[in-house]
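The structures come next, written out as structure tokens.
In the two complexes below, chain A is the common chain; its partner is chain B in one and chain C in the other.
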Partner chain A sequence: MKNKGIVFFLIILAVVIVVVVALDYNASKPDQQPANPYAYNIDPFSRIDTVLIHYKESRNLAISFSEPTGISFRGDELFVVGDQKLQIIEPTGKLMNEVSFDQKPTCVYASTENIFVGFKKSVAILSRDGAKITEWNSFSDSTVITSIAEKSGIVFVADAGKRMIRKFALDGKSLGIIEGKSGNDQIHGFIIPSPYFDLAFNADGELWVVNPGKHSLENYTVEGALRTWWQASSIKVEGFSGCCNPAHFAFLPDGSFVTSEKGMVRIKTYKPSGEFSGVVAAPSKFAENSEAPDLAVDNQGNIYALDLNKKMLRLFVKK
Partner chain B sequence: MENSNKKSRRDFIRTGTRLSLLITLGAVGGIAAKNLTAEKYVWQIDPFKCTQCGRCATSCVMTPSAVKCIHAYDLCGYCDLCGGYLKPDANKLSTAAENQLCPTAAIQRRFIEEPYFEYVINEDLCIGCAKCVKGCTSFGNGSLHLQIIHKRCLNCNECSIARLCPSQAISRVNASKAYKVKGGFTKDTKA
Partner chain C sequence: MKKWIKVSLIFAFLLFSLAGMAQQQRFPKPEFGTGYSQPTPITPEPRALALEYTDVVILLIVLSMASYFAIRKRSRKGLLWLSVFTLLYFGFYRDGCICSIGSIQNVALTLFDPGYAISITTLLFFLIPLVFTLYFGRTFCAGACPLGAMQDLLIVKPISLPEWLRKTLGIIPYLYLSLAVLFAATGTDFIICRYDPFVGIFRMDAEFHMVVLGIAFILMGMFVARPYCRFLCPYGVLLNWMSRFSKWHLTITPAACIQCKLCSDSCPFDAIDYPTDEKQSKNRTWGVNRFLVYALLIPLWIFIGGFAGSKAHTWISKANPTVYLAELLITKPDVRNDLKNLDVQAYLSSGKSMETLVKEATVIRRKFYTGGWIAGGFMGLVIGMTILRQVVYRKRTDYQPHKGNCYSCGRCMGYCPVKK
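Right, the complex of A and B next:
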């Protein structure tokens, strides 16, 4: 009788120990933890009010690049660079031509007569059918070419490494540089902490340049004098944040700006005055830790975003 | 005469005891030598797996946590509008306490030249909450990141943070490569 009592007590004790251990183990699982006092919720900034989203994604074009880097649109053709090649693609996705290089391009720009392909320290000029015309190699060791544009026979090359825009005649003759410095101390040259330095001409022939460290877009004369600028520095959707935004931009036919950002990846539009207009693609459209997509706009104002992570061309049309 | 060639029981026990002691001594010496030369392992965070959940501040057995924010200066943009330093709704880009994201003011903002600012972590004040890391990763270059500082870590058999880490970013690493630092260089985090 006495032994039965001891056995019964030991069984009860064992059950209690097992229950306590199980409860303790379960309580320390990640999903059973009390609220974290240090949690930093950035969802309010990545979540965009649908009223602000003025575009919808209409189609995607798969591209055969393992590392796409840049895109341009001219006439009725898309020009995509990456890996060690340039592809000329119809908006339907049909491959028209492919040109191979011995190094990886960083950017591309197509004018009415030529295709300019930028590499880290050189520029190749091709005819519109892809035949190589010439190559410029006379850049410095610290040059990092990130964007090219051409107007009236003058080629503007954005050099993020040297923080300047280099000007060339079509024959390769240097026509000087633009450093973005202003005499009245309104701006302090181009602030480029990482290799994101874009430039483009709008429909009125005005040269606009991103000053990414200042979160501003600046308009220069061809000679390099600052004419006007606008700035949008904010973590909120209306502005740009981080060290180097906007990473890329393009113009809509009405002169509005389309911008893409790195960090919290999103594509937005701004009126020609610089006033925030709306959102093209919210951060939820992109994979976590994505890179900023390069942009191109067709004649109808449709926006092509080169998604470097999904390796596809994504077409956004106005709702 | 026959008995003189045989070992006595006492001799047998004595020899056996000596032999046992010798074997034991050799075994202990061997184990000690192995422990001295064996590779040691310590706990460390993979900054590319970390999701900045904030649990490192509350789950470590140390108070404050042995996890600290460190700064990869070569990745930093030296931004004025720093997502790791400033609250998203900061009324001004300044060092005012109400604008700082860090709950312990462990980040020092130093003016370099217009418009560059350097951000230095005071390790003694940092509690490893990762708020700055989340801000920097979400809005900037991700140069701020968490690491277990081994002079503060007890190197528990079962790391209490690793057990709870939702992204399983903490694992044992060889002590000869005890840190998984982003970028090319960092520097002493003591301000």
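Right, the complex of A and C next:
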């Protein structure tokens, strides 16, 4: 046979061609596709150096909520909302009081005199013993209330749907809005891609607001003028990543920030200047695809994290 | 006045510079240096419309030149350099897309899917080579096809294949064409593009297995000239039909053939028909009887092919993602919990009900059933005609290029001692 070697070589090539086509055809089926080539493996970033973890989980309290949503701490009591109720709990876990609502609360804030419970489009004001005082319903259709704080008789309501902070007097009178904007293009308002928009006052009475789309925390005057800000955009432990983080924050007694993030769930602390301080809870502390826990801090600087997935209150104390 | 303008410009420049600095201070660039690199997409970015029209003009020019070199000038060298240009321009520069071969699928989809409209440039890429072939033979294959150019330039030691093997393998392009049209018409896949062995080389970003496929074809092409063109190319089927009726066609000799036989082994594609043997024509009655039997069997072949195609529709339709997904979710309901299965998760997040999915899959499968009859019937016709051609006797006195199979590459012309 002429060209025996070439013919043998050609047969091998023909087999290779058929095998490659057959394998490729088979591999493109929905249940046989290779791993997503666009997937971004963030596992290396979820592993935290233990030296950076400054807190330990001292205990946790099971709560009787199927869908907890928010937490606040005032005096010596914890205020937890979710489902269609508010529970007032002692730090020992003892239930002190429970108030029912006809809709699901989204957030809670307790001042020295009142409890403010936020719903998607309304705010209920209760006395500290749980008696309903009034309810504000005059919000727009696109309102999504995500956080409340009060200072010197002015109530600040974070409206993620309208991307603004609404100000009210205690009698419900509107005192204006804060949009975080100015004529200057450099300050173009709050960027809220998803309903995570938190605000809080620090011990010095300064209003701090998360601008999640910018990964920043911004300090505004009561009138709404931007005073200062800090930003930390990074997938690394020092910063915030994703579309909208931090999801929640609270203040430690010394003015440091405690932040919680969604996506790669982690709780961290930042100095009052915004400099990264350390980690409270690493991503490994939370279940996969968990939501960002809401935060509260007691007078001793212990951090309560409301774990929405495990449905428990987790207490972190300094090592 | 000039001074005033200068001062204004400097002031404006400083103003904008300071504004930029302030902006940078306010929102410094986020730090995301994570080493993540975005995989490059498989399909190239669409070209500007003006460039697409330019491509059509260049195709026209290249085809005109190829026809001129093949028929008028009789220049193999001209065709060779033209194919080098085609390889560089239509292959490497344009990433092999759009190509006339793949445009078959766009035409099929636009005919069967009212929601899809073919672009005018794609349609022109489909039609222009066919029209040129109708007048000048397959000059598109000679000088304007990047896939053909790639293979043609890498022929090293072509071997002649036995006729039975050529005829058998020659059926594959018809099968490939049938499947390509069926898959495109049902919105399943563009298999011509997907299994284009050279497009990954043109784009320099092929996956490993496609590189293997491309290299396998190149290595094969070193010994079996133009294996893709001869035994796979579905567009070649259409060009073959057109070329058989071409008004003008490349000839081996510029004048009368002197039967010197010098050209007999010049074609690496076995596309030269030899003068017929007079003995073959003697038993005419026997040949006519066979012709009649084979001709009468063609409807049977069509029916058998159609029946086989319709029976295979269930299996073939699994290539459609909707049909496969519906079957998968019915047979393996647990796959819903597989978060890594992107297709399943994409379906679940779309909010589409199972009932709707099954309904869609049923409609597609019905299309495959009808398409299976048509494609199978077509294949039956091809087989019937191939058998019939075995007994068709055409008298030839000269060495001639086969009008359907000849790629008009012009190699044979150089072997002819006859001058004008």
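FYI, the second predicted complex is superposed on the first by the 274 of 319 C-alpha atoms of A that agree within 3 Å, B and C clash if a C-alpha of one lies under 4 Å from a C-alpha of the other, contacts with A are read in each partner's own complex, and residues count from 1 in each chain.
As a working rule, contacts are C-beta pairs under 8 Å (C-beta built on N, C-alpha and C of every residue); 3 or more make two chains touch, one makes a residue touch a chain.
These figures come from a predicted structure and were not determined experimentally.
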item	value
Which of chain B and chain C A:14 touches, first, second, both or neither	second
Touched partner set for A:235, first chain B, second chain C, both or neither	both
Superposition-derived comparison: chain B or chain C, residues of chain A touched	C
Which of chain B and chain C A:191 touches, first, second, both or neither	first
Which of chain B and chain C A:214 touches, first, second, both or neither	both
Touching partner for A:3 - first (chain B), second (chain C), both, neither	second
Partner chain in contact with A:23 - chain B first, chain C second, else both or neither	second
Shared chain A contacts, counted only where both chain B and chain C touch the same residue	29-30, 33, 36-38, 40, 45, 214-215, 233-236, 241
Footprint of chain B on chain A - complex, ascending	28-30, 33, 36-40, 42, 45-46, 188, 191, 193-194, 213-215, 233-236, 241-244, 263-264
Contact footprint of chain C on chain A as seen in their complex	2-3, 6-7, 9-10, 13-14, 16-17, 20-21, 23-25, 29-31, 33, 35-38, 40, 45, 185-187, 214-215, 231, 233-236, 239, 241
Residue numbers on chain B that touch chain A, as the complex places them	52-55, 57-58, 76-81, 83, 86, 88, 101, 103, 114-116, 127, 129-131, 134-135, 138-141, 163-166
Interface residues, chain C side, partner chain A - complex	22-23, 26-28, 30-32, 34, 36, 38-39, 157, 159, 194-195, 197, 209-210, 212-213, 216-217, 219-220, 223-224, 318-319, 321, 324-325, 328, 332, 335, 340-344
